[in-house]
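Some structures to go through are shown next.
Here subunit A shows up in two complexes: once beside subunit B, once beside subunit C.
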Partner chain A sequence: MINQIGNFSLFIALFASIFLIFQSSNVIRNKSKNLDGKIFSALSVQSLMVLISFFSLIYAFIVSDFSNETVYNNSHTTKPLFYKISGSWGNHEGSLLLWLLVLNIFLFIFFISSKKLLNKYRILTVLFQELIIIGFLLFIIFTSNPFLHLFPIPKEGTGLNPILQDPALAIHPPILYLGYVGTSIIFSSALAALVYGMVNKIWAKHIKKWIVISWIFLTIGILLGSIWAYYELGWGGFWFWDPVENVSLMPWFCLTALFHTIIVLEKRNIYQSWTIILSIATFSLSMGGTFLVRSGILNSIHTFANDPSRGIFILCFLLVLVLLAISIFFIFQKKLLKNFTKTFLVSKETAIIVNNWFMMFFLSVVLIGTVYPIFLEVINGSKISIGPPFYQKLIVPFLIPFLLFMAVGPKIKWIKDNLSKINYNQFILFILSIAISYLLVKLYGISYLLILPLFGLGFFLFFLTIKDFFSKNSTLSQKISHFGFSLFILSILFNGTLAKEFSSNMKVGDERKFLNKIIKFENIKIIEKNNYKSLVANFKISDEKSSISLNPEVRIYNQPRTLTSEAAINSTIYSDNFLVFNVIKDDGYYNVRYQFKPLMMWIWFSIILISAGGILSYLKKNE
Partner chain B sequence: MKKIKLILYIFSFTLFFLNNLNAANSQQVDKISKNLRCLICQGQSVYDSQSDFALSMKILINKKINEGKNEKEIYDFLKNKYGEWIVYEPEISQNTILLWVIPLILFIFGGILIVRKVSIK
Partner chain C sequence: MNKNIKFIIIILFSLFVFFVFYKGLEKPKNYLPEKNLNKIETSLVFKNLNDQKEILLGDLITNNSFSIINIWASWCLPCRDEHAYLLKLRNINKIDIIGINYKDKKSNAIEFLSDLGNPYHEVLVDLDGTKSIELGAIGVPETYLINNKILVKKYIGPLDDAKFKEIINLIKNEKN
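And now, the complex of A and B:
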C-alpha cells in the first residue's frame, strides 16, 4: 500500500513538472500574464508529493516492508532503527530520491524568497530548475525506482553494508546533497539572470546567499565523510584522493572561487561572465560527480551501485544540460555590461582573481587526475592508477605561492592600493615565521625539501590572520574562515610530517616497543550484539608518564556477512593514538597497527572554523 | 670457554645484524606497498589491505629486496607482471604525459589571462 502511495506521488510530481514547464514557458513567451499563484500552487504540490514519496520510503524501511525491493536489498529486521532510517538514503534509489527532494525544496524556498526580484527572472529560474527536476524524476521512475514490488514477499532482507552503519555516514549524504543541490539553484538563476541581462550587483547580493549556503553544506559534508573515513576505514588517514572523494572536492574548489568572485560582482559590478561560467561549472561538476559515482565506472570503495544503463542516462542528461547552458551563455553573453576596464595590479579585485586562478588550478589537477584513467582506458585500453603521489606532487608546490597570496591578499583595498603598505610589522612576522619553521625542521629532522617554505608560510598566514582580528578592514566571517584555513594548513603539515606508525603481528600477552612507548596486547573477548558479533581487544600503550587503554574491535556482521575493523582512537588536543587490529589466520596472531597522529583534532576543528565563517556570513546577510 | 663466548658473540651479532636488516626491509616494504594498488580490493593500497593478495604481495616485495633489487626494479617487475594499473604514481610516458602537463598548461594559460586583464600602472 505505502509503496503504491510513494510510487504514485512520483507520477503526480512528474505531471506537476510538465505543467510547470508548460506554464512557465508561456509566461516567458508573453502568452499569459502573471501566473505567480498557479506556479506557487504547482510547486507546493510537487514538493509535497516528493516529500510524501520520500517519507513512504522511510516508512517502508522502518517497518521492514520487504515487498519493496529497495528495502529488501538494503535492510534487515535486526538493524537498529536509526540505521533503518538512514538506510533509506544509503542506497542508489533512495539517495536519488533525496536529491530530488532537496531539488524541490530548494526551488520552493527560492521561489518564495525572491519576490522582490523581476518576475520573469524568477519564472525562468523555475523553468530551468524544472528541467533538472524532470530529468531526475524520469531517471528515478524509469531506471532507479525505489518502489519496485517484490513477489513473493521475502521473509528477511539482505542488510545494509556494515561500513555504512555509522552515525557520521548516516548524515553525511544528506548534508553533502544539500551542498550539491544548492548549486543547481545557482546554475538556474545564473542562466535566468543572463537571459534578462541582470547579472549585476542586485543579483549578486541575492544569489550570494545561495552560494554561501551551498558552500557551508558542501564543506561540512566533506568534513563528515572525511571523519568517517578516518575512524571507520581503519587506515588512519583522512583523505585518500579516492575518486569519489575527489568528486566532492571539485565542486568545492569551484564554489569557493565563486564565493570570492561574487563579492567582486556585488561591490564593483565586474567579472560578470566569469561569475556565470563558474556558476555553470559548479553545477556541472556536482552533476558530473553524481554521474561518476552512480555509474560505477570508478574503482573506489564508495561505489555501491553498478549499473551502466543508469550511467548513460545521467551522462546524456548532463550533456544536454551543459550544452543548453553553454549555448545560452553564448547567445546572451552580449547582454552583459561592457564596462570592463582593466583592474589595477594591486587591488582586491586582482587578489580575488588570483585566488580563483589557484582554485582553478587545484580543480584541474583533481579533475584530470580523476577522469584521465577513464578516458585513457576508452582510447587505447591501457589501465593506469592515479593515487596520492600524483596529487601531492602537483598540488603541494603550488601551495607555497598560494599561501603567500592568501596572507597578503585580503588586506589589499578595492580599486587601487599600493604595495608600500607592506610594513615593518609584516616583515618581522615573515622573518619570525621562517625562523620558527627552520627550528622545527632542524628539531624534528624533517628532510622533505618544500617543508621549510610550507611551514614558514603556514605560520606567516597564521600570524597575519590573528593580527587581522584587531584590524577593521574586513568582515569577521572572512577573518574566521581565513584563520581557520591557516590552522588547517598548519595542522595537516604537522600531522603529515610528524605522524608515526607501527605495525606488527601480535598475540595476547605480547609487548612491543615503539619510539618511547610500550604497546601491550592485554586480552581479547567476544561480545554478542543484536546484528553483529564483536571481537574486542584491549591494548595498553604506556610511556614514562602515562598509559592509555585502547579497545579496537573486529565486527562480524550477520547481514550481509561482513568483517569490519573498528579502530580505537584516543584523542587529545595534542595528538591522536590510533589503533586497529585485524584477524590474520587462526593461529592466535593478530595484525596490529598503531599510529601516533599529532594535531588530528585540529584538522577537524579548523574545518569547522572555516565553515563557521560561512555561517556567520550567511546570518549577517539575512538581517 | 672462550670458544663458546666467541660463538655466542658471533651468534648475537648475526642476530642483531639480521634484525636490523629486517627492520630496514620492512620500512622499505611499507614505502613500496603504499604506492601499490591492491588489485582485488576496492580502492585500497597494498599497504592498507589485509587481503591474501596484499599479504603475499608484501612477502614478495620483501623477497625482492633481499635479492638486492632496488625500488625502481621492483616497480618494473610488478608492472610487467600485473600491468601499469598496479602503481599509484604513473610514470611519465606517452600515455601519461598529458596527465602531468595539462594542469600546468592550464595554470600558465590562466596566468596569461590574468595579466591581460590587469593594468600594471
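And now, the complex of A and C:
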C-alpha cells in the first residue's frame, strides 16, 4: 500500500513537472500573461507529492516493510530506529529521492522569495529548474525506483552496511545535498539572468544568498564526511583524496571562487561573464560528481551502485544540461553590460581575481587527479592509480603564495590602492612569524623544506587575521572565516608534521614503550548488543604526568555479517589519542595501532569557524 | 567569427569528454587489471627495500621451483593477519618468498618487518602502486603462487588456514 502511494506521488510530480514546463514556456513566449498563481499551485503540488513519496519511503523503513525492495536490501528489523530512518537515504535509490525533494523545496523557496524581481526571470528560472527536476524524476522512476515491489515478501532484510551506521553519516548526505542542490538554483538563475540581461548588482545581491547558503551546507557536509572517516574508518586520517571526497571538494573550490566574485559584481558591477561561467561550472561539477559516484566508473569505498545504465542516463542528462548552458551563454553573452570599467592592478578586484586563480588551480589539480585515470584508460588502455602524493606535491607548494595573498589581499581597497601601505606593523609580524616557525622547525627537528615558509605564512595569516578583528576594514563574517582558515592551515600543519604512529601485536597484559609513553593492554571483554556483538578492549596509556584509558571495540554485526573496528579516541584541546585494534586469528594476539595526533579538534573547530563566517554573512542583511 | 570558433571548440570538447566517459562506462570497473592470468610479468624492474638496488623480477623467480609473490604494506591491517602464515611458509617449504611493499613508507615497512619477523627473501618496493597493477593486483594483500614462471594460483585478500593448507598441498602434489 505504502509502496503504491510513494510510487504514484512520483508520477503526479512528473505530470506537475510537464505542466510547469509547458506553462512557463508559454509565459516566456508571451502567449499568456501572468501565471504566478498557477505556477505557484503546481509547484506546491509537486513539492507536496515528492514529500509524500519521501515520507512513504521513510515509513516503509520504519515499519520494516520488506515488500519494498529498497527496504529489503538496506534494512533489518533489529536495527535501531534512528538508523532505520537514516537508512532510507543511505542507499542509491533513497538518496536520489532525497536529492529530488531538496530540489523541489529549494525551487519552492526560490519562487516565493524572489517576488520583487522581474517576473519573466523568475519563470525562466523555474523552467530551467524544472528541466533538472524532470531529469531526476525520469531517472528515479525508470532506473532507480525506490518503490519496487517484492513478492513473496521476505521475512527479514539484508541490513545496512554497518560502517554507514554512524550519526555523522546519517546527517552527512542530507547536508551535502543541500549544498549540491543549492548550486542548481544558482545555475538556473544565472542562465535566466543572462537571458534577460540582468546580470547586475541587484541580481548579485539576490543570488548571493543562495551562493552563501549552498557554500555553508557544502562546507559543513564535507566536514561531517571527514569526521565520519576519522571516527569510523579507523585509518586515523580525515582526508584520503578518495575520488568521492574529491567530488565534493571540486564544487567547493568553484563555489568559494564564486562567493568572492559575486561580491565584486555586487559592489562594482564587473566580472559578469566570469560570474556566469563560475555558476555554470559549479553546478556542472556537482552533477558531474554525481555521475562519477553513481555510475561505478570509479572504484572507491563510497560507490553505491554499479549499474552502467544509470551511468549512461546521468551522463546524457549532464551533456544536455551543459550543452544548453553553453549555447545560452554564447547566444546571450552580448547582453552582458559592456561597461569597460577600468580595474587597477592594486585593488580589491584584482585581489579577488587572484583568489579565483588559486581556486581554479586547486580545482584543476583535483579534477585532473580524479578523472585523468579514466581518460588514460579509455584512450590507450593503461592503468594508473593516483594517490595522496600527487595532490600533496601539487597543492602544498602553491599554498605558500596563496597564504601570502590571503594575508595581504583582503586589506586592499576597492577600485585603486597603493602598496606603500605595507607598514611596519605588518613587517614586524612577518618577521615574528618566520622566527616562530624557525624555532618550531628547530625544536621538533622537522626536515621538510617547505615547512618553514608554510608555518611562517600560516602564523603570519593567523596574526594578521587576529589584528583585523580590531580594524574596521572588512566585515565580521569575512574576519571570522579568514581567521578560521588560518587556524585550519596551522592545525593541519601541526597535525601533519607532529603526528606519531605506533603499531604492534599485543596480547592481554602486554606493555609497550612508545616515545615517553607506556601502552598497556589491560583486558578484553565481550558484550552482546541488539544487532551486533562487541569485543571491547581496555588500554591504558600513561606518561609521567597522567594516564588515560581507551576502549576500542571490534564489532561483529549480524546483518549483514561484517566486522568493523571502532577506534577509541581521547580528544583534548591539545591532541587526540587514537587507538584501534584488530583481531589476529588463533593465537590470542591483537594488532594494536596507536596514533598521537596533535590539534585534531582544531581542524574541526576551524572548519566550523569558516562556515560560521558564512552563516553570519547570510544572516546580516546589508553586507 | 571569433566567438563562433570558441563556441564550436567548447562544444566539441564537451562531446569529447562525453565520449570518453561513455567509453569508460563500458568497462565496468576502472582499475580491474588485465586477465592474462597464467603469465607473470617478469620484465618489471623493482628497487630493493634496503639498499635501493634495482632488481629484475624475472631474476628472482627461478626455473623449476616454486616462488611466492606477496604484495603487502605496513598500513594494511589484513597483511598483519596473514603474516604468520608467510613466516610458516618460509620455514616449512624453503620456497622463495618475494615481498612487494606497496605504497608504503620505508621506515614503516622496516619497522613492520622487525616487529613481526621477515618472511621474505627479497623485499621489493612499489612506491606508487603501478607495478603491482601491472602484475595484476587489485589491492593489498595479494599472494601469487608461481611454479616454473607460471602462475599456479592467485589469492586475493589475506591468507588464512584454508588457503595456507591449499598452498601446501599444491606444492606437495607438484613435487611428488
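Note that in this section the second predicted complex is superposed on the first by the 619 of 623 C-alpha atoms of A that agree within 3 Å, B and C clash if a C-alpha of one lies under 4 Å from a C-alpha of the other, contacts with A are read in each partner's own complex, and residues count from 1 in each chain.
Note that in this section a residue touches a chain if its C-beta (ideal position, glycine included) is under 8 Å from a C-beta of that chain, and two chains touch if they have at least 3 such contacts.
Source: prediction; values computed, not measured.
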**Request:** Considering only the touch criterion stated at the top, classify A:Phe291 as touching first (subunit B), second (subunit C), both, or neither.
**Result:** second
**Prompt:** Which of the two partners, first being subunit B and second being subunit C, lies in contact with A:Pro389: first, second, both, or neither?
**Reply:** both
**Prompt:** Which partner does A:Val354 contact after superposing on A: first (subunit B), second (subunit C), both, neither?
**Reply:** first
**Asked** Just subunit B (first), just subunit C (second), both, or neither: which does A:Ile527 touch?
**Response** neither
**Message:** Touch test for A:Val320: subunit B only (first), subunit C only (second), both, or neither?
**Reply:** neither
**Request:** Name the contact category of A:Asn582: first (subunit B only), second (subunit C only), both, or neither.
**Result:** both
**Which of subunit B and subunit C A:Asn591 touches, first, second, both or neither** = both
**Asked** Which partner does A:Val378 contact after superposing on A: first (subunit B), second (subunit C), both, neither?
**Response** second
**Prompt:** Following superposition on chain A, which residues of subunit A contact subunit B and also contact subunit C?
**Reply:** 235, 299, 383-385, 387, 389, 503, 582, 584, 591
**Complete:** As the complex stands, subunit A meets subunit B at residues 235, 240, 242-243, 299-303, 342-345, 350, 353-354, 357, 360-361, 364-365, 368-369, 372, 376, 380, 382-390, 393-394, 398, 503, 582, 584, 591
**Prompt:** If you look only at subunit A, which of its residues touch subunit C in the complex?
**Reply:** 235, 291, 295-299, 306, 308, 311-312, 315, 319, 322-323, 326-327, 330, 333, 373-375, 377-379, 383-385, 387, 389, 501, 503-505, 582, 584-585, 587, 591, 593
**Message:** Going by the contact rule set out above, which residues of subunit B touch subunit A in the complex?
**Reply:** 30, 35, 37, 42-45, 48, 50, 55, 83-90, 95-96, 98-100, 102-104, 106-107, 110-111, 114, 117-121
**Request:** Please give the residue numbers of subunit C that touch subunit A in the complex, ascending.
**Result:** 3, 6-7, 10-11, 14-15, 18, 20-31, 33, 74-75, 77, 80-81, 84, 103, 108, 112, 115-116, 128-130, 133, 160-161
